[in-house]
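Okay, got some structures for you below.
Each of the two complexes below includes subunit A, the first together with subunit B, the second together with subunit C.
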Partner chain A sequence: MAEMVTLSIDGREINTPAGTTILEAAKDANIYIPNLCSNEELTPYGSCRLCMVEIAQGKRARLVASCIYEVADGLEVKTNAERVLNVRKLVIELLLARNNKHPALRKIADELGVEETRFPVEQKGCILCGQCVRTCREVVGVSAIGFSGRGITRKVATPFLDFPPDCIACGSCVYVCPVQFIPMKEEKDVRTIINFDYPMQKCTKCGRYFAPIKQLEYFSKTTGLPLEHFETCVDCR
Partner chain B sequence: MKARIKEIIDKYDTDKGFLVPILQDVQREFNYLQREVLHLVSAFLEVPISQLYELGTFYKAFSLEPRGRHEMKLCTGTACHVRGVPLIKDNIGRILQIQAGETTPDLEFTFETVNCLGACALGPILVVDGEYHGNISISKTNKILKKLGKKVKIDEES
Partner chain C sequence: METFNVYASRLITKKEYFSPGHRACQGCAEALAVRLVAKALGQNVIVSSATGCMEIVSSPLPFTNWRVPWIHVAFENTSAVASGVEAGTKALIRKGKLPDKRTVFLGMGGDGATADIGLQSLSGAFERGHNFTYVCYDNEAYMNTGIQRSSSTPFGAATTTSPAGKLKPGQITWKKNMAEIAVAHNIPYVATTCPSYPFDLIQKVKKAASINGPAYIHILSVCPTGWRVPPNKAIWIGRLAVETGVFPLYEVENGKYRITVDVPDLKPVLDYLKPQGRFRHLTPELVDEIQERVTHEYNGLKAKTAL
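What follows is the complex of A and B.
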């Protein structure tokens, strides 16, 4: 049993194991904190800054990102203080400047009472939450994509902006993206992610194209089973 | 090429923690971080190529493009700026026929601007291959470029 700590979030007393983050503790207690970059399958990253909360321990109060701040005994957390809401409004405005169309961002903006961003809209689409990069690295385990550049030139990219050699075309990055920035489509025997084409495997029994060949090769490599085992779709196996 | 990279990596005990020093050494050896080289480093160290690309584009000290034989860094900090760096920058750019941050096609010169070299009293400053030139002017930069073998048309007045 992990050691338990007691903290208060918005005046409510909460008991939670040490080591959890404020965001997780709040979620368990049904207290809503907006966030875009956190994902329980991934290590906390703290890039979107929407989950800012005010914490007080003793006299001093300060703002922290709740998704990367661990709970501690006697911590007083405010998720709705005026200071917190002001910061969140600014953050969502900055995010809207990168993408002012996506419903997920619009919804959070509405909740915060933000109608339009005061910043020039660049419509980059991607909000740099890093979920795709982290998923590829931590969940899929191939690290085919990464960030490139820094500051205003930071973006998610394949190495040398070229066909990613490690990519298995699983589409996890597409699935996890909170703003559906990475395009993927399937046409008969080809899956296209961004503008890279990956041939699909035809099921040896029913003839349906069911998965990218590269992904099946990866399965075969990681499980040690022969490739033939994966050339039949799950329904026919 | 492969053997040389292996040597560099061996020097660091094939430790992924020394990624940046390894890349620094590799860049020094091969002038810039070319694709094939990064792929080899990736294979030796078992580090995904995406991570190397990330590092290579993140740090200004790394270059994925070929570098010129001579490296010119012009300070554009405030003190240098007010003493006329914009004009000097235009002049160098015109003579080399490149923009700041580019390399001449013959790979002779790489011309970059930096934000402050911390020697404001000497401004404007131009660093050529590690050598600091203080209080430079357009005519002084012309002389420096001439010395490095660049044909400079003598301006009507300088």
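What follows is the complex of A and C.
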């Protein structure tokens, strides 16, 4: 049993194991903090800045991103202080300047009472939360995509913007993206992610195209089983 | 989005809100469906559950499987209670006695509680436009009390109250199309799904919960006990139901139809009927009759998506 710490969130006293983040503790206590880049399966990253909260230990109060700040004894957290809401409004305006269409962003904007961004809108789509990059690295374990560029030119990209040799076409990045920015299409024997084509494996028994060949090769490599084992679909195996 | 596999499933929450240790039969796809629905909705939900399998297996006194607020209500008033909870919470929020936490109100029941006994209260709740989600776990008979036929039992299925014999081939009426009944109420969101397609299910439940107004989700849940199939085949049977066109997966958003799991060429319906013991008495003529009806209904659905 982990050591327990006691903190207060919005005046409520909360007991939680040491090492959890404020965001997780709040979620367990059913206190809502908006967030876009956090996912319990991935290492916290703190990129979207929507989960800002005000913390106070003693006299000094300051703002931190709750998804990367660990709980501590006697911490006083305010998730709805005016200062916090001002920061969140600014953050969502900045995010809307990158993508002012997606319903997930619109919903958070509505909750915060933001109607339109004051900044010029450059429709980029991606909000740089990095969930796809982290998923590819931590969950899949191939690091086929990453960030390129810095500052305003930063973007999620494949190495040298070329065909990613490590990609196994699993589509996890497509699944995890909160704003559905990465396109994926499947047409019988070809799966297309962004604009790269990956051939699909045809089941040796039923003839259905069921998974990308590169993915099956990766399974074969990680499990040590022969490739033939994976060439029949799960239904026929 | 049915093509996501191994890795995407790791990104679904590991927290269990419908905890393990319940008393459902081996291979119960309905318990799986409930678990996925609970995962999709998260912690901030109030569940009103009709009598039925899922109530019996999850709440044997003094235990409970539910890690979220859960009310057991009678067959006929599940939706009435769910709408009452919704209206009450709304009033308390308006008076400032409760913080506005975007709680999801979930009504759930089996096919008996939805298509037969609870239909009037469900219809009423749809008509009043409460902001709630209703999930029907359709295992095509009253399984909990020992496989009695319901209006959701498909044509030809043998149950204890529609036994197959010399004169009658089991159930003699066609399955009630609950999803279409829900669509006819002009509610914002109606969907059909199946736990054999977990991502499809989770996405639809999340969408239903996020929509303002009533939403209805119809989940085909294979019942190995009642359908007379081996427990390890439940997921496979669910997939066959979709691949043969017996239970197409689609969603209707504000009257607009969309097939979510597209099956370009349907398998013969016999593939689906054959492994199930409840259909084993069917003659080739009856199978042809079922095939004809399935093709007809599937084409009808296709025509609606083209609108």
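Everything below uses one rule, namely that the second predicted complex is superposed on the first by the 237 of 237 C-alpha atoms of A that agree within 3 Å, B and C clash if a C-alpha of one lies under 4 Å from a C-alpha of the other, contacts with A are read in each partner's own complex, and residues count from 1 in each chain.
The rule is simple: a contact is a pair of C-beta atoms (placed from the backbone, for glycine too) under 8 Å apart; a residue touches a chain by one contact, two chains touch by 3 or more.
Computed from a predicted structure; not experimentally measured.
Of the two partner chains placed by the overlay, only subunit B lies in contact with A:166; subunit C stays clear of it. Once the two complexes are laid over each other on the shared chain, residue contacts for A:201 go to neither subunit B nor subunit C. Set against each other, subunit B and subunit C differ in how many residues of subunit A they touch, and the higher count belongs to C. Touch criterion not met for A:16: it reaches neither subunit B nor subunit C. Touch criterion met: A:41 reaches subunit C, while subunit B stays clear of it.
In the superposition on chain A, A:186 contacts subunit C only, with no contact to subunit B. Contact with subunit B, but none with subunit C, is seen for A:144 once the two complexes are overlaid on the shared chain. Once the two complexes are laid over each other on the shared chain, residue contacts for A:79 go to neither subunit B nor subunit C. In the superposition on chain A, A:30 makes contact with subunit C only, while subunit B stays out of contact range. Residue overlap on subunit A between its contacts with subunit B in one complex and with subunit C in the other: absent. Residues 35, 38, 48-54, 57-58, 64 of subunit B are the ones touching subunit A in the complex.
Subunit A meets subunit C in the complex at residues 27-28, 30, 32, 39-41, 107, 135, 139-140, 170-172, 174-176, 186, 191, 211, 215, 219, 235. Contact residues of subunit A toward subunit B in the complex are 136-137, 142-150, 157-160, 164-166.
Taken in their complex, subunit C has these residues touching subunit A: 1, 3-8, 10-11, 13-15, 43-44, 101-102, 199, 210, 236, 239.
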